[in-house]
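Heads up, there are several structures right after this.
What follows is a pair of complexes built around chain A, which joins chain B in one and chain C in the other.
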Partner chain A sequence: MRLLIVGFGFIGRELVKALRDKMSFLRSIDRDFKVVGIVDSKGYLYNGKGIDIDDLNKITRLSEHRDYKLGGTALDLLGQNLCDIMVEATPTNIKDGEPGLTHIRLALSRGIHVITPNKGPLVLAFRELMNLAERNECALLYEGAVAGAIPVFSLVRECLQGDKIVRLSGILNGTTNYILSRMFFEEISFEIALKEAQEKGIAERDPSYDIDGIDAACKLVILANALMGREARLNDVRIVGIRGITQEAISLAKRANYAIKLIGTIDRGLEVAPKLVPINHPICVHGTLNAIHIETDLAREITLVGYGAGKETISAILNDLITVLRKRGMSKFSSPKIV
Partner chain B sequence: MRLLIVGFGFIGRELVKALRDKMSFLRSIDRDFKVVGIVDSKGYLYNGKGIDIDDLNKITRLSEHRDYKLGGTALDLLGQNLCDIMVEATPTNIKDGEPGLTHIRLALSRGIHVITPNKGPLVLAFRELMNLAERNECALLYEGAVAGAIPVFSLVRECLQGDKIVRLSGILNGTTNYILSRMFFEEISFEIALKEAQEKGIAERDPSYDIDGIDAACKLVILANALMGREARLNDVRIVGIRGITQEAISLAKRANYAIKLIGTIDRGLEVAPKLVPINHPICVHGTLNAIHIETDLAREITLVGYGAGKETISAILNDLITVLRKRGMSKFSSPKIV
Partner chain C sequence: MTLALADKPGQLLRALEPIAKNGGNIISIIHERDKPVEGYVPVSLVVDFPSRQNFRNAINELKNLGIAVIKSEEVVEKVRLTFILIGITDLKKIIESRIEGVEIIGLEILTPSLNKVSIKLDVETHAEAVNILVDHLRRLAEDQNALLIAPIYA
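Here is the complex of A and B:
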């Protein structure tokens, strides 16, 4: 199969490195697997015989490559039956989902399998895109879009096939978990913990998307729609961020063996809010770790812990890719199951 | 497909209940799915048209059923091409694996898919049985054999397809974790915690299999062979149990923010031993919970937490069953992958 990578930021680059390291394994699954195109924000590389990805390590920008086509776009390549799978890894935009939403719509409508860690299109148009994938008999997989390396969607799809999910909660944002963990262990104020997170590159200069709970709420919407058959939108989530959490509150909680964590919950409704969590509960993980706690009818409780962002996300994208190469993950999984 | 259930103890009964509750879902995957036989230690029920499993709730013993054949055995049924899948749920026997080992060998040699939560045959003959499954193009799935409801095998098989596992550690025995947790939280002695566990039915009257680390070691052997391509045997595991753990040791550890846990580790070698674990580490779970911490090249660290025994195990058995009904989990997964 022929892969097109759209977006060549941090994730695109890390993906190319992993593909290089795992190429012989990938070819053992699909001997014709190759990367035919890579698109960045200003142009693309395309080679129908397969791009030599070893070459790409020698350059820092795609535009330094001799075959770079300045001004070319993903839409040019998607329109011409030049690829079978697209990894859409442009930056998340939760306002209108662009440019990812247009890329994904076009790819699916042409029967191209889509793998994306991009939350924007999924938050805004989950059901529309899943229906489009089903109609065109191709896969839309998005393991990397929620909780990074934690394989929550494939776990439910492949490892809890007989279980009915009745409730889900989780720590879905590593930045806020880092800040709350520092406040808990070092007994520092919110302001100092935030500043430290910004200095370490864990928090953005404008941290509001994370600390006001928007990022966690986006992930919660995707989880609810994908795993529990909801028709949720971002507006449906009751959101409280962590700006109001004082060091005093955390210390008080700690003395009673609780931590304060920003928890996303899917129950009757959807909510992201700071919660008291017993320190010996499996969901009570610290630092930049994420955790997802799934309650089901049979297994009762399963908790998954892992890194929610960073290059560990490549694990999820690669798993989606192998799922497509093995011709799994097709449209029969696009609708929520009825167990 | 036609299912034969061998063993009608706690797991067999709970499985029948779950099959009854989920029958319409199972028939949506395979409209010909039916339970054709159930074997207990003294005889069997067999009906080629499918046993009415609603009937079974009215009786406490299989022998009360009007069609019960006293003296019939699993071998009678396996020898006659009467079923396509066997769930082998006889009691674990790590001395010689019987009667499970003979049942599984016969089933696989006849191309019957096998699903088993029975550790004995897997500890003693893992590679032999996987090879037998591969030669006969049928599945041997055993999700329930290790850490009960925690879907560790299917997670690695389906959700970490591109990851290479480099190290694994875990709390693999709920009884010892319950005892150590009570000693940690209630500051009681080992003897009192053990007695309490026995009164609650969490520990056996002869608790040595659990508290001397044998049960955890068996699970470790299966994990090593299944997930990391080892050729390990029980003798290869360095085993230290929890009899020597004093309340004083636990209190000292606690003051330094550590708990003492019985940890199984697969690194260069295999080991089960009490270890100091930071209380804020994801693996540090309490009560009867189990936890498995997987270290890989891409995702770096994934921790799975859930119930390691009891009726939650039915989640794992049912997932294996659905995997077979969907014609997945076949022999291509019987050999460890090379990523």
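Here is the complex of A and C:
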């Protein structure tokens, strides 16, 4: 199968590195697997016979490569079905989902499998994209979009097929978990903890997306729609961020054996808010870790803990890729039915 | 509850039916055969019902079957919850709020000079009143531009 990578930022670059390291393993599943194109914001690299990934080691910008076409876009390549799988890793945009949404719509409508960690399109148009994938008998996989390396979607799809999820909750944002954990363990103020996070690159210069709970809310919407059959929108989430949390509040909680964590919950409604979590609750993890707590009718309670962002997301993308490569013989790639 | 069952075969089975039908989960049964009273055997049961209504329905059905209920006692499961409020300016409103079945059992206040007031509130209530309590505290906090931190799953 022929892979197109759209987006050559942090994720795109790390993905190429991982593909280089795992190429022989991937070729053992699909002998003809090759990367045929990589698209960045200014153009693309394309070679129908396969791009030499090792070559990419030597260049810092795609435009330095001899096969680079300035001004070309992903739409040119998708429109001509020059690939079988697309990894869509452009920056997430929750206002209109672009450019990812257009890329994904076009790819799916042409029967091209889509793998994406890009939250924007999934938050804005989940049901539409899933229906498009189903109609065109191709895959839409998004393990990397929520809690990076934690394989929550794969777990539910493969291992909880007979279960009905009754409630789902989680620590879905590593930045806010880092800040709250530092406040908890080092007894520092919110402002100092935030500054520390920014210096370490764990928080952005404008951290509002994370600390105001928007990022967690986006992930909650995707989880609700994908795993619990909801038709949720971002507006449906009651959001309270961590800006107002004081060191005193954290101390009062700590003395009573609670930690304050930013928790996303899907129950009757959707909510992201700081909550008091008992220290010994399995969801009570620290640092940049994420945790997802699934309550079902049969398995009762399962907690997944892992890293939510950064390089670890590549694990999820690669797993989705291998899933598609393994199933390429199947004529129909259908999405799991919700119990 | 303590029932008086006629000392005949099948009486216990008859009594268990309305209990089971109303979702009762038997915790213990003490069948005091050595203490018969006028041909009736006292049987003490501890049963867990999903709600007060279920319990009352079971008692009514037992009475309709002609089974004497000598004693019945409702022990409502109490729940202890901790809340934290940040930025409350009118503490009186919290202390004076009265919700049926809710008791404030602890209050801790930190008033740092340069920061907002943080309050830890410990309450005891029964399971059915939790939602009402959370809504009440949430509205109270909103009215004062304060932040309510509730326990997970409350």
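Simple rule for what comes next: the second predicted complex is superposed on the first by the 329 of 339 C-alpha atoms of A that agree within 3 Å, B and C clash if a C-alpha of one lies under 4 Å from a C-alpha of the other, contacts with A are read in each partner's own complex, and residues count from 1 in each chain.
Criterion: contacts are C-beta pairs under 8 Å (C-beta built on N, C-alpha and C of every residue); 3 or more make two chains touch, one makes a residue touch a chain.
Computed from a prediction, not measured in an experiment: that's the story for all the values here.
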{"item": "Which of chain B and chain C A:I245 touches, first, second, both or neither", "value": "second"}
{"item": "Which of chain B and chain C A:P151 touches, first, second, both or neither", "value": "first"}
{"item": "Greater chain A contact set [chain C / chain B]", "value": "B"}
{"item": "Partner chain(s) touched by A:V166 [first = chain B, second = chain C, both, neither]", "value": "neither"}
{"item": "Which superposed partner A:Y258 touches (first chain B, second chain C, both, neither)", "value": "second"}
{"item": "Contacts of A:K275 with chain B and chain C, given as first, second, both or neither", "value": "second"}
{"item": "Contacts of A:I59 with chain B and chain C, given as first, second, both or neither", "value": "neither"}
{"item": "Residues of chain A that lie at the interface with chain B and also at the interface with chain C", "value": "none"}
{"item": "Residues on chain B engaged by chain A in the complex (per definition of touch)", "value": "18, 22, 25, 28, 143, 149-151, 154-155, 157-163, 185, 279-280, 282, 284-286, 289, 291, 296, 298-307, 312, 314-316, 318-319, 321-323, 326, 328, 337-339"}
{"item": "Chain C-facing residues of chain A, complex", "value": "167, 169, 240, 244-249, 251-253, 256, 258, 260-261, 263, 265, 267, 273-278, 281, 283"}
{"item": "Complex contacts: residues of chain C adjacent to chain A", "value": "82-84, 86-87, 108, 110, 112, 115-116, 118-120, 122, 147, 149-153"}
